Each structure stands twice: as structure tokens, then as C-alpha cells.
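We call the chains A, B, C and D, going by the order they appear; numbering starts again at 1 in every chain.
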């Protein structure tokens, strides 16, 4: 572990946004926005440099304070973390640009929400910290940084619905964190270490480990709005300001998923059974169907998009049953591990791009119409063709039609499902796609329909529409470097591994 | 004997926790919660965690309790001083609860009971991991401080602590984000109320000195930045209640500086180490003690200011959105 | 693998780029848009011709790009693909001209032409796909790019039709997706023509392969409008005439039919498919659809609806030809891909011309229209004769080969179906011809378009005449080298020779 | 039974009480209190392990973690309180109206 090359980048990835967020506090409204935007761009560029560093040097670490684990904390930037950080950077940059223009356009009436900027930079620092963290407790702290800043962003509009949804979100987030932390306490009590790498070696199966796994998983499921803990997500995401909704659903929920993936694959292999994988997969499957159906039934654009997040996150959970091998199957013979991992990573990235674009488009529509009831989308194509195009492209990626990133995810997921012989997940994937097609095309149908009465479309800055479109296109463009991306990910340790479960307890399997 | 004390304390804590959730009146809940915090603090002492006990008593029980009490001015139906018809308020609460109580709580209760059994089993069977005592002990001489908890907080795991200072600042920003904070000049009550003036005049130096003491001796014994910060924050809260809200009366740049100096200094110092080829928060050994003391002092100032501001802002929350002005 | 060439990619780009550029133009930049459109269309025809010539010299063109793991994007030129690509590109050129005339002064033309270009990109992509995955990618892309065309008019009826269209095609696409992934997992990445892969698996995975075949067939049958999955086709008649023409003659329905051809000949292989008894259900459904479509067409008064049901019927000739094993029926099926395309497009152009010029959309209004629009109706009449199967028009050739193939295979019931269909074709088309030429015209009919000396606008007239002549030529010169029939024979020979 | 075990068991009980409170309590303030009780349970677990693993002094790492945790929990609770008060000011609601 410690013979890996060290790099200062991980420290900067967390420190820089915090520094800029703090500095921005010294400025008044407009200055905050300027510093905030500059800070976002700087952080984004820094993250891309860091990603480049990892492609060049492989996994890098940063031993904070010079104290090696288990006493100290280690930041570890492996290819998986680098990809998540890079995704955050790209999506973050465009959302920042959008936010800058969006808030400036409303400055006169709302004051321009200057607090957005420090909170968003804190959130970004939290996300980077989470992706880099290699320490169970530090993950808790980053989760809290993310949780508080995310809720604060969500209630920024000050509207009643946003506040109520925000409080519910916050209480749920705290509950999730505390459940997670209880698991951490038990793990620490039984091993005396918090470092993920060390834990992977020393953790023994047993009642305590299983219980810790249970509460940690529950806590993280709550945070990532996995079924049946999805109830808080639609109101919170739909009532926030547009750039915030985009951040919340594109990035924030992915943080909890990332930890869940990491912990299951790197730490808790010993306690995982085939049934555990099936169970979490079932939760995902229900989320896919339920979320899509709910989205289909909504009548306001942001609620559709928010419910769709529940479904899309369900797909993420569906990779777990594929990663946990049935008793007797070895990781070497399981040829579906790489497709399943690819499906997971691509689902995360494609959803981030597409969903961000969707919410940004919704923001544009709200700006133009003053509300987001879908029947007012009639003749959207005639009024705002770029936004309509962005919705269409992002929607196509959500459905998983080729050649989008969503297609890549669904293809790999379905491939993994067939290769592993767990065919019972296949109808879920397809039904989910069809339902998604249902609500996406419901929107498009309206967009093409003639206007019944003259809707007053107020003019909207073109740059906003372009931001949404670029993100939508991004959900397609990410397919092009897929081969390189997967090779890069495979150079890391965790990508492509599976858990070999044995009937009693299990044994830790890495190939 | 000791088992008996611990057992009673444990039962007390559980009782208080349950009661604070079940008490029919809100004010009772809050006071029971206060008591619960103190019971926990006693438990920390029994477990030899004096630092935690101080933190718990000061922040979780004290500061938060004050916030809750202040909040009750809003949710006042059960607050005795203002309450007109306690019976009615009580009835409303009970009425609201009984119907759903029976329906929803039976499965919830069963589920929680089962969960509790598993949890107890898991906790009981926790194998001995050995902890990190030995490691901490081995590296303590190199940490620059003598008190192991301070060493962990500000050296071994300084990163967590730094983020945590950030969390407090964020908590303040988050409260701004909620909105509805009205900045208005409170009447200077201290001038009118000699009693209050005396209290402030007596407690300000005491709290300050005790805080400084905790801060300084955090190096060698229990105490440190957080505990000191709460005491200093208490000064701010007292002054605010007395009508002299220092955090709002100083110039804006100074206020922001005070609020951020802890996290900023910590971070910039860390970056300097990185620039010098070390890791973030990797102090040069010779100066570790001094630097930690400076960091702690500045952090304590920032945290105290943040706590004061959190209280002041919550205290000043008012409905009228038009007069909302972010003091930030 | 083989020499990589960007030529296949260029064929796609030649319509993709104009489409994208048109999207970015302003609505009022008409000359530039027209120029881009025609440039793309001509370039595509030229490129396809170039590749065709090269292919004839024995050169191989392929463009392969690895997406992720073993998921590969592959464009590869083979004879069948080129055949379809040639059809698409030529008819696109003609249709583009027609559309420019047809939509003159209409709304949202930027959007229309952009998606029109994307649609052709998708259909040439389908033609040039080298493997199943690439085929699927373009198959779905086609759905997406045609949707805005179907709803182009923006009326409630159009939007409703678009919804029906989408449910059918997305549903079909999802089913196909399932099949394609299943095939991928079972047999690995299959390039078209690698029938030996399935052959090698047949002993061990017989059941799976059978199931997968029918799953994929179902997915493809939606676009090929085989009963009972044809419902979208008559409904989507609300689209503007050029769209109907393109949808029915080249793009969508042919994508389905072409997919079936690929599936049977180049993925499973005709021998294996026959051996596994996969073709009999296809033949039965196709035969039923032929009769069913014709019968339904009899009762339509709406001109375009009658044409639509006729398409349903005619398309299944291709599926039927595929389903019958034998050199002759294969030839018939492949050549009908082209023949049906040029004949049907002629008919839609004619219907569009009449609707544009006189506003008639019902057959009962067509009395004497032939005297007013002799060229249009002349072309239409040629196409009708072809559809019925009268020599020397193109349709005769297809039916002749299909019939011979059926006899060769001993499936005499197919001959009966063909005869019945011809009789029905005559029954629903000849009345139109009769009305047009021999009934007294309505006195008060006044052209909506002022077209000078011509019967209608030149841009509307030229395409219909050209395609009408093409349908005649394809029949008359069937024996000449380079004719659709000769190429179809070559394709069939390659399938049965080795 | 050793001291740490008593508190360890207590920690589980408090944690479960807290969870129950978060879901079952109606008033905002009680929900917030419940989260703190949950946290109290978790922290108790940490600290009891520290006592168990004591050598010349108790394990300082859990102590430090708990101090951090308490501060974080208090920051969240203060924020939640601000939200609750604001909601009450704007709407007069003291609990989630559409809660079961």
C-alpha cells in the first residue's frame, strides 16, 4: 500500500475548494459569485490534472500528516476514484457555468443566491474527499460535509416546499450517517483499524461484522435513496433550484453509492453471501420499476426527473448481485465481472451527465414559463429548440438507446446478467427502459405538439441552453473513449473483482 | 460496586432518552434531553473519556440545549411561561398521536425490537480488535503534545479535525441558506437589567479564562480547542442575549476573518508543508507543539465565533422575508 | 482484420454533417440549406458509387472501432449492404428534391431536413453495418430520427400517430435489444457473414438459438410491419408525403425487412435456419400478412391509407422470399427490396402531388385526375402494374422469381398466396387507375398551385417521373448486367454456392 | 460483566431508540433529538471500545473520533433546528404533514 507513489494532488483536490469557498465569504454577493465561479473552474481544472496524473502514474496516495495508517489517514486516488473525480469535475464545471448565468439572470428578484457558491465549493471538496478517502471514519466526515452542504443548497430557494423537503432530507441524511457510523464503531472495535486497505486484510467474518455490514449498507442505502428509502429524494430534488437539483442528482447521491461499492468489494467480502447480493439487487429492481412508473405518473417536469433518479439509481444497485459470485464460482471463471463493473461506472457517468442536463433544462423551462407543468411544454420545439434537443438527447441516454452512455450501461448490465445466468434481472432492465421511454417520449410528444393557448415563453439566455445541451451531448460522447476508460479502470485493483462467497461466511476473493 | 454504578447510569441514560422522546410536552422533552446529555457525560467520565465528557456537556448538551430552548420560543404550545391553556395544547398533541400510534407503531416496534436483539448480539460478540492505543502511545512523543487525544485530533488525524472545523462553518452557512434571518438591534437589556449586567460581567472573564485554560492544557491533559470554543462561544451568546451582539457589531471583514481564520490558517499551513515537499498537515517535528497551539487557538476563536453566530442567527429568525439580509 | 478504410464512414458522414449543419442554420437560410442538402445527397450517391466500383474490383472496405470490452462498432461493405445503401442514397437524392418542392413555404423546414438527413444516415448505417451490434445501434437511431418527421405537422393527430409509432418501434427495439445481447452472450460478437459461428454452436445451444432467433425476429418484424405488428404503419400516414415515401419505401420498413434478410442469411445462415425449422413460422406470418394487408387495402378510401396497407402486404414478399429456401426465392426477396422501394415511392410521390396540387386525399375524389396530371398518373400507373406483377415492370420480376422459388421449394401454397395477392392488388389499385383515366373529372376542381405550363411544380414532377421510369427500367433491363436483378442474383449465388 | 460491556450494550439500545424516534416521533424537535440520541449511542460504542483497549491510557483515537462526531452531529442538528423553526414560522407546521 505505502509503496505506491505519493502525490500532492489528493491534498489539493480537497484543500483548494475549501480554500476558495472560505475566501469567497469575504466578498459580497456579486464578488462571491465571481470568486465562486473562478473557484469552480480552478477546482475542475485541478481535478482533470489529477486525473491525468493517475493515468500517467497509476494509483497515487497522499499520507496526511505523514502518519501512515492505521494511526493516520491515507488519501488514495486509484483509477476508480480518478474517474469519479473527473466526472465530478466535468459535470461540475458546466453546472457552475450554468449557475453563474442562471443566478445572474434572476439577480434582481432573488438576490442571485450568493451562498450557492461557498456551499457548492464545500460540497465539491466533500465529494473529492469522499472519492479519495481510504478511512472509514473520514468517509463519515466527508459524508456529513456533503450532507450538510447538499441540504443547505437544496433549501436555498427559501420556499416552503423546499424547506420541508430539505428538513426531511437532512433528518434522513443524519440517520443514514449515524447508522453508517455505528457500523464503523463496531468494525473499529473488532479490528482496531479504520483503513480500508488494512480492513480488507484483517476483517474476520462473524456476527459483529455481519451486523456492521448491515447497518453500514442501510445507512448508505438511505443516503443514496435506494429502495425503500427513496421517499425523501423526489421532493428534495424537485424543489431545489435548477443548478442545485442537477448537482444533487448528478453527483451527490453517487457519493453514497461509491462508498457502498468500495466497502462491499474491498472490505466486506468476508461477510457477503450470494443472498445479500440478490437482496440488494431486488431493492434495485423494485426501484427501477417503481421509480420509472412514478415518473411516468407525474405532471411536473422536475418531479418526473426526480422520480427518474430513483429508478436510475436502482440500476446501480443491480450490479451487486452480479459481483457476488454464487458458491463454487471463482472470480477467474466469472467473465461477467468486467461487464458488470463497466455497467456500474457507465451508469454513474451517463446518469450524471443526462440527469444534470435534464434538470438544467427544467430550470430553463421554469425560467421561461414560470412553472414546470408538463402540459405547458407544448410546442417547446418551436420556442426553445436547443432545450428541447437537450431534453431529447438526455432522455435518449436515460432510456439507454444507442449509442449513448446509458446504452453502454444497459448493454453491459444485460450482458453481465446473461453471462452470469441470473436471467431474472433481464425483464427488469427492459421494463425499466420501456417505462423510461414512456415518460421521455411523453415529454417529447408534448414538445412537438401545437400550443393550445399562447404560452408566454420569456426569452432565456442562450448560454444556459448551451450548457444543458453540452451536458446532454456529453452523455453520448462518453462512449467514444470507453475502451481507454475501461483499460484505465482495469489498471486499478478493485475494478473487475468479484466476491467469492462460500456458504459459511465466505472468503475474500480478488483476482 | 462499579458495575452497579455503571448499570444504574446506563439505565438512567436509556430512561432519559426514551422519556425525552415520549414526554408529552415539548419543554419536558428538551429538559430531559439536557439531562440525557449530562448522563452521557457522566458515562464518558466513567469510561475515562474526560475530553469527550467536556465536549458532550458543553456542545451536545449545553449548546444544543440552549438552541432547543431558544427554539421553544417558536414552538411554544407547551412552554409554561407563555402558555395560556396547557391542557388544550396537551390534548392536541396526544390526539394527533394516538390514532397513528397504534397503527404504525406496532410493526415499527416489532421491527425495532428485532433489530435491537441483533444489535445487542452483535455488540456483545464484538471481538477484541486491540484498538490503536499502542500505536498512539508509540508515536505520542513525536506528535508535539503530551495529551494523546489532542495528538490524535490535531496531528495524527488532523485532516478530520480540519474538515470538522469546516463543517461548523458550513453549519453556519447552511443556517444562512435557510433564510429568514432578520438583523435588528436588540434593546440593550444589560443596561436596563442590573442583574443581567452582573451576570455578564461576572461570567465573561470567568468563561474566557476557563476556556483559555482548557485550550492551553489541552496539550497535556483533557481539554482543547472545541471545549474552549464552547466556553468562549458562551460569552458571545451571553453578550448577545444581553443586547450586545459582538459578532454583529464588529466590521464585516473582521467578522469573516474571525469566522474563517481557524480553517484558513490550518489549511494554508498545510499547503505550505505540501509546498515544502511534505504531506498536508505534516508539521516539522520541532515546531509541532507550537504550531498545534496556534492552530488550536485560532480554531477555538473561529468555532466560538461560529457558535455565537449560529445562536444569534437562530435567535433572530423572523418571518418577514423582506427584511432578510444575510449578515454574511 | 482487414484494411481499414474511412470510406464507409464517409458515406454516413455525407448526410450526418449536412444534417447537423442544417440544424444550426437559421430557418430563413433557404438557399444554403438547399445547397447543403443536395450536396450531401449527391455526395452520398457519388460515394456509394465509388465504393461500389471499388468493391467490384475486389477491394474491401471496413471501418472498425472498439467501443468497450468486446463491444465493437463495425462498418463493412458487402454486396447486400451496398445494394441497400445504393437504394437508400439514390432514393434519398430523389426524395430530397421532392421534399424541397413539397415543403416550400412550410414551417420548421430546418428541423425537417436535419432529421431527414439523420434518417438517411441511419438507413445507410443499417446497410453498411458489419455486425449485429452496429446494426442495432443504427436501427434505434433510425427510430429516433424518424419520430420528429412523423410528428412534423405538429397536429394532435400527428402527435398521436407519433406516439403509436414510438410505442411500436421502441417496444420492438427493446425486444431486439434483448435478442442482440442474448446472441452476443451466446455466440460472441458476430460479424455478418460469419454463419459458421452459429453453425458451431448449433449442437450445444440449439434451444437458446431458436429462442433468440424468434426474439430478434419479433423485434425486426415491428419495423417490417408483419402482422400483427404492423399497426403503426397506416397510422403514421399523417406525416408529410416525402416522409411517408421515405418511411415506406426506404428507411423504416426496409430496415426491418433488411434486418430479417441479414438475420436469416448472414447471422444464422439459410441452411442452419432451415435445419432448425425457424423459417416456417416466418413464412406463415408473411403469407398471412400479404393477404391481410391486401384485403385491408381494399376497404380504404383514403389514398395514402390504401397505399400504406399495400406496403404492409408488399413488404412481406421480402420476408416470404427469405423464408423459402432456394436460390430463386432468395433472388426474388433481395430484388424486391429495391423494386418495392422504387415502385412504392413513385406511388407516394404521386399521391403527394395530387394532394398538393388539388388537395385530394380520397380515392373517391380522383375522377379524371389522369387527364389533369398525366405525367404523375402515368408514373403511378406504371407502379400499379408493377405492384400487380404485370410485365415488364419491376414488380413482375420479383413475383416471378418468388413464384419460381416457391415451385422450386415445393411450396405450392405460396404460389397460391402470390396469385391471390396479385388479384387483390389489381382489385384495389386498378379502380384508382380506372377513375383517374376514364371517369369524368369534376368540373370545379381548381389547382391550388399555380404551376405554369406543367401539371404541377417541377420539383414535384421530376422525382415521380424519374422513379416511375426507374421502376419500368428495372423490369425492362432486368437481364442487363448491373441491374438490380443481376446484383440480387449474384448475392443469392454467393449464399448458395460455397 | 465489565464496564465497557455495560456501555456497549447501552449503546445499542440508545441507537435503536434513536432510530425509532426518528421514524416515529412527529414533532420536528423530537426527531432532531432522536438523531442526537442515535449519535449518543454510536459514540458510546466507540468510547466503550476505547476503554476496553486501554493500556497506560484509554485508546485516544475513538475519543478523538467521538469529539469530531459530536461536533458534526451538533452542526447538523443546529441546521435542522433552523429549518424546523423556519418552516414553523412560514407555515405553522410542527411535523411533516404527510407522514404516517
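Quick notes on this one:
Note that in this section contacts are C-beta pairs under 8 Å (C-beta built on N, C-alpha and C of every residue); 3 or more make two chains touch, one makes a residue touch a chain.
Worth saying up front: this structure is predicted, and the values here are computed from it rather than measured.
Among the chains in view, A has its Cα centre nearest the centre of the complete protein Cα set.
For the interfaces A-B and B-D, the C-beta contact count is higher for B-D. Chain A and chain B have Cα centroids separated by 31 Å.
Each chain gets one centre point, the mean of its Cα atoms, and the points for chain B and chain D are 12 Å apart.
Taking each chain's centre as the mean of its C-alpha atoms, chain C lies 68 Å from chain D. Centroids built from CA atoms put chain C at 73 Å from chain B.
For chain B, the set of residues that touch two or more other chains comprises 119, 122-123, 126, 128-132, 136, 156-157, 160, 164, 167, 170-171, 174, 178-180. Shared interface positions of chain A, defined as residues touching 2 or more other chains, are 71, 137, 141, 144, 148, 151-152, 155, 163, 186, 188-189, 192. For chain C, the set of residues touching two or more other chains is empty.
With chains as nodes and touching pairs as edges, the resulting graph is of another kind, matching none of line, ring, star or complete. Contact between chains, per the stated criterion, is found for A-B, A-C, A-D, B-D.
Contact residues of chain A toward chain B in the complex are 6, 8, 11-12, 14-15, 18-19, 22, 25-26, 62-67, 70-73, 114-115, 118-119, 122, 125, 129, 137-138, 141-142, 144-145, 148-149, 151-153, 155-156, 158, 163, 186, 188-193, 204, 206-208, 210-212, 214. Here chain C touches chain A in the complex through residues 23, 66-69, 71, 73, 108, 111, 136-137, 140-141, 143-144, 147-148, 151, 154-156, 158-159, 162-163, 166, 170-171, 173-174, 177-178, 181-182, 184-186, going by the rule given at the top. Only residues 1, 3-21, 23-30, 33-34, 36-37, 39-40, 43-45, 47-68, 70-79, 81-86, 88-90, 94-95, 100 of chain D touch chain B when the two sit together in their complex.
Residue ranges of chain B in contact with chain D, taken from their complex: 2-3, 6-7, 10, 13-14, 17-18, 20-21, 26, 29-30, 33, 36-37, 40, 43-44, 46-49, 51-52, 55-56, 59-60, 63-64, 67-68, 71-72, 74-75, 93, 96-97, 100, 103-105, 108-109, 112, 115-116, 119-120, 122-124, 126, 128-134, 136-137, 148-149, 151-153, 156-157, 160-161, 164, 167-168, 170-171, 174-175, 178-180, 226, 310, 313-314, 317-319.
Remark: chain B residues 118-119, 121-123, 125-132, 135-136, 139, 155-160, 163-164, 166-167, 169-171, 173-174, 176-180, 253, 256-257, 259-260, 263-264, 267-268, 270-271, 274, 278-283, 321, 326, 328 touch chain A in the complex.
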